[in-house]
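Look at the two complexes coming up: subunit A is in both, with subunit B in one and subunit C in the other.
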Partner chain A sequence: MNQTRKKKNMNLLIGTIILLFFLCLMVISFFYTPYDVSKIQVSDKLQSPSLAHWLGTDKFGRDTLSRIMKSTQTAFFVGAVVVVIGLVIGTLIGGIAGYIGGWIDDIIMRFIDAMMAFPGIILAIMIVAVFGTGIINTSLALGILTVPSIARIARSGFIQNKALDYVVAAKAVGVHPMKIVFQEILPNVYSQLLVAGSIAFAGALLAESALSYLGLGVQPPDPSLGQMLNEAQEYLTDDPWYALAPGVTLSLLILGFYMLSNGLREVLDHRLS
Partner chain B sequence: MLAYIIRRLGLLILTLVFISIITFLVFQILPGDPVQTMLGPDADPIRIKTLRHQLGLDQPLYIQYGHLIEGFIRGDLGQSIRFSMPVRDLIFDRLPLTLSLAFMSLIIVIFVSIPLGVIAARRENSWGDLLLSIFTQFGMAIPSFFMGMILILLFGSVFSLFSPGSYVPWSEDFWGALGSLLLPALTIAIPQIAVSYRYVRNGVIEQGQMDYVRTARGKGASEWKTLSHHILRNSLIPVLTILGLILAEVVAGTIVVEQVFSLPGIGQLLITSVSYRDFPVVQGLVLYIAFVIVVINFLVDILYSVLDPRIRLK
Partner chain C sequence: MTPLLEVKGLKKHFPITKGAVIPRKVGAVKAVDGVSFQLEQGKTLGLVGESGCGKSTTGRTILKLIEPTEGQILFKGQDITSLKGNKLRRLRKDMQLIFQDPFASLNPRMTVEQIIAEPMKVFGINKAARRKKIDQLLDVVGLSGYHKNRYPHEFSGGQRQRVGIARALALDPDLIICDEPVSALDVSIQAQVINLMEDLQKEFGLTYLFIAHDLGVVHHISDQIAVMYLGEIVEYGHYHELYEHPKHPYTQALLSAIPEANPHLQKERIVLKGDVPSPAHPPAGCKFHTRCPLAQERCRLEKPIMKTVSPTGQQAACHFVKEVGHGDRFVVPK
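Presenting the complex of A and B:
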């Protein structure tokens, strides 16, 4: 038991450290980047890492480190919008389905099953195809796609809780249903939603970078890690650094959120048991 | 059993109707006029009107939806605007590549994740188990397109075993096709191996503690027989449930990974059609992909209930 507890802390610890590191990097990038992110200096193009350019330069001679720093802004922005949309709408829909039950629950769940049977990236491509690319549309499309999975978790949380004594008691003394849902049940489903939110963040980063890599997500001049990887691919064999720097950054960010969610879940399981 | 199949079939049809309505409506709420967008801002009004009529866009919504479904069932998805070719032919030309890629990925997932999961479970909390859990966490975190680049870099430049972008069709050279698809298939498979491996590992650990396993050992069954006949059979049931999910991810994976390895499959068709705003192709592809995935999920559910009759009673 002791050994598993140690491992729990590792997930949470490492995940938090990784994410704090990138959060700091993002905050710094608002005030300072080593070079101007859009400054083109063709004479410096495709350089390997050096003291002047820690992570090398891209095909236009732009500093890779500066661009990665700016890209974390895009990543955190898209992720945050996606998670907020997913959590708010997902909790609302899942909460209604779970708390009211009956045929409303049936219809909502069939709809959610239908959406979940569909690979997210294809739906996202469809939405972006129709509404256009760019950072806002990408965030909105991915946000909508996050709703079903969060609604499911919220629903099961509400179903579990509504049969418990405290809800029955609140009903008996005549508390308004809205108050029961938001003030009584929601705080008890909160921690499960937190775990779901951090997984959704990782999912959003994966999906946004994939869309941007395909040229259907965030568009220049907004920098994005997926887009940087797309540009770097041509030069993969000659200048592997060009692709490795944004790729490793992206993987670490996603790993950070996965580890955070695993760590949170284990803390939660521990508290419940 | 029949009642179960009928109930699942009803759900299948309901899901397909939902998906087709969503797809249909999304393409209805195109901002602005789709025909105008296709032809450009200074298009001739008569041409706009003709194209609108050709595409059936001047009819009421429910009739347009009816046409879409009718066409889908007959396998007629209209004409591609960019290629001036039936959408169906475009899709069928590219289908063999994408299907073989998805199939190879699935085979890799199954044949790698099950043995790995069993080994990790048998040596629970050993160094190997810990190492595997770290590896799988990385496997899930690395986006498929970056994984593809790492593999190209490793096998292409470092070991010179692979040259990207050199796809040969199956009909021309079987081994050549296999070779050119192996690395893309592996790229798609890696994150799914990570997912499936965890289910196998946890299933084997959980089932290994059951009374029936103790009984089997007590009767003198060999360790191998206990594992293969008793533990594995029960622990693979939850793996089957996520097989449908893994398949959906594999299909989605082909779309991105085809771009990394420049393979001319369904994914590439989808991406270019989106860039050229070739909406009949996009709509047809989305509908077909959804159809395939939903039907596969249905088959997995049926298979699941055959293997574990308890499911039907729920």
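Presenting the complex of A and C:
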């Protein structure tokens, strides 16, 4: 029992440490990077890690560490926009469906089902193809794709809570339905939404990298992890460092968010039960 | 004098629907099927019956949390059956509800102070007045001021129920519908909460509709008792009379099931056969005939009506009510 309690907290702890590390890296990158991210120095191309270039250089001789630092900006920006869009719209739609129920619920949920039936990345490619590439469009496309899963979680939370006596008590004193939804029920669904949000963050990072890898996401010269992986692909056997640095960064970021979400879920569940 | 609450022929049928796209009604669960009673200011009416007999639905329909299908609800002489919107909201000030499950009835994300303040906020009572009232209410229900900033999960079941009572009292209501307020509590705590409720009744002149399945508890607090079976009241009377001289065979069976503190006392236990029939397909005639030890052909065909069976106004709905005399148990008619 004690053992498992400790392990639960470890999830949260490690996840937070990883994310804080990258968050610091991102903040630093606004003011300082070891080298200019887009400065091409062909004489230094494809170097292995050294004291001058801690993580080596790419095929144009640009410093990999600087580019990774800069690309965390993109990653966190896309992730944050996606999560905010997903949480706000998803909670609103799912909350309405769950609280009102009946045929409104049926219509909304069938629509959500239809959205979920599409493979997410293909829908994102379609949106980007129609509205053009770029960091904003990528974020919007991925945000819309996050809506269904969050809406489902919000809906189930609202359905669960609306039948509980504390909601009946609020109705019995004549609390306005909007207040019941936002002040009574929503705080009780927060914890589930928080967990869903952190998973969505990880999903957004991965999807953004995938889109950038395909050349549909962030456009050069802005660095992005997916784009760096794409460039590194052809040098995989000769210069593994080139691919390893962005690959490990991406893995760590995603691992961090998953551990955070797991830890959050365990901690929040524990306190509520 | 007009009674505080009068219920006339109250019915609530929940439709059973089939078909996902175009739902059509295929039947109805007759949760409440013609309930009538009167409740005077300052009195307590105990409403008892087995699980699923429609007690809670009756309570919630009176509060207009559920729309009644048929019948009339008169509160202070005013017909509230079809009230809506603001008029209904104003009415909520005068009737409140205490819940069965003290774990579900308090919002886990709100502090005790927020929970008790909520009804007052709805009715626009200002902050200073709210503060004062909260302190006063906490004191009245036996909690301390420092409990204000705590969350429900920090309390025991009995303490939570006290918070629920404080919330119900926040607007100085006239009528409180108590929906099995003690059945989720330990026996020792039950007595505390019941005593508290009695004290509050005396202090504030409250009127209770006390719903319970435990006849022992109801006996203690009630002035009048109504026994429900499958959505109908089968017997109604003064608590003492009903306990001493139950007329309806169902009441007799219920009373025989009360545990006795004295282990040497031999009691004749009436065990009812089978389960309560489904309220979606209630039996014809007398609804109790499928389980009644007295049942005759007549009971299957003819529905008994409530008739006054004693000079003090005790009423029962049984064909053989005259044959079931004072003190006797079952005298099967020849």
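Just so it is clear, the second predicted complex is superposed on the first by the 272 of 273 C-alpha atoms of A that agree within 3 Å, B and C clash if a C-alpha of one lies under 4 Å from a C-alpha of the other, contacts with A are read in each partner's own complex, and residues count from 1 in each chain.
Everything below uses one rule, namely that contacts are C-beta pairs under 8 Å (C-beta built on N, C-alpha and C of every residue); 3 or more make two chains touch, one makes a residue touch a chain.
The shown structure was predicted, so the numbers you read here are calculated from the model rather than taken from an experiment.
A.B. asks: For the three-chain model obtained by superposing on subunit A, do subunit B and subunit C clash or fit?
C.D. replies: With subunit A as the common anchor, subunit B and subunit C both fit in the superposed model.
A.B. asks: Now for A:84: first (subunit B), second (subunit C), both, or neither, which partner does it touch?
C.D. replies: neither
A.B. asks: For the overlaid complexes, name the partner, subunit B or subunit C, with more touching residues on subunit A.
C.D. replies: The partner that reaches more residues of subunit A in the superposed model: B.
A.B. asks: Once chain A of both complexes is superposed, is A:113 in touch with subunit B (first), subunit C (second), both, or neither?
C.D. replies: first
A.B. asks: Which partner chains sit in contact with A:121 here, subunit B, subunit C, both or neither? Use first/second/both/neither.
C.D. replies: first
A.B. asks: Check whether A:159 is in contact with subunit B, with subunit C, with both or with neither, and answer first, second, both or neither.
C.D. replies: Once the two structures are laid over each other on A, A:159 reaches no partner at all.
A.B. asks: Touching A:259, do we find subunit B (first), subunit C (second), both, or neither?
C.D. replies: A:259 sits against subunit B, while subunit C stays out of touch.
A.B. asks: Quick check on the superposed pair: does A:229 touch subunit B, subunit C, both, or neither? Answer first, second, both or neither.
C.D. replies: Touch status of A:229: first partner only.
A.B. asks: Looking at A:27, would you say it contacts subunit B, subunit C, both, or neither? Reply first, second, both or neither.
C.D. replies: Neither partner.
A.B. asks: Anyone got the angle at subunit A's C-alpha centre between subunit B and subunit C, nearest 10 degrees?
C.D. replies: Given the fit on chain A C-alpha atoms, the answer is 90 degrees.
A.B. asks: How far apart, in Å, are the nearest Cα atoms of subunit B and subunit C after the overlay?
C.D. replies: It comes out at 9 Å between the closest C-alpha atoms.
A.B. asks: Could you list which residues of subunit A make contact with subunit B in one structure and with subunit C in the other?
C.D. replies: Touching subunit B in the first complex and subunit C in the second, no residue of subunit A appears in both lists.
A.B. asks: With touch defined as at the start, can you tell me which subunit A residues reach subunit C in the complex?
C.D. replies: It is residues 106, 164-166, 168-176, 184, 187-188, 190, 271-272 of subunit A that touch subunit C.
A.B. asks: Which residues of subunit A touch subunit B in their complex?
C.D. replies: Touching subunit B from subunit A are residues 3, 110-111, 113-115, 117-123, 125-132, 202, 206, 209-210, 213-216, 226, 229, 232-233, 236-237, 240, 243, 247, 250-252, 254-255, 258-259, 262.
A.B. asks: Which residues of subunit B touch subunit A in their complex?
C.D. replies: 11, 14-15, 18-19, 22-23, 26-27, 29-31, 125, 137-138, 140-146, 149-150, 152-153, 156-157, 244, 248-249, 251-252, 255-256, 259-260, 270-271, 274-275, 277, 279, 282, 286, 289-290, 293-294, 297
A.B. asks: In their complex, what parts of subunit C are in touch with subunit A?
C.D. replies: Where subunit C meets subunit A, its residues are 20, 60, 63, 65, 88-89, 92-93, 96-97, 99-101, 104-110, 118-119, 122, 153, 164, 167, 171.
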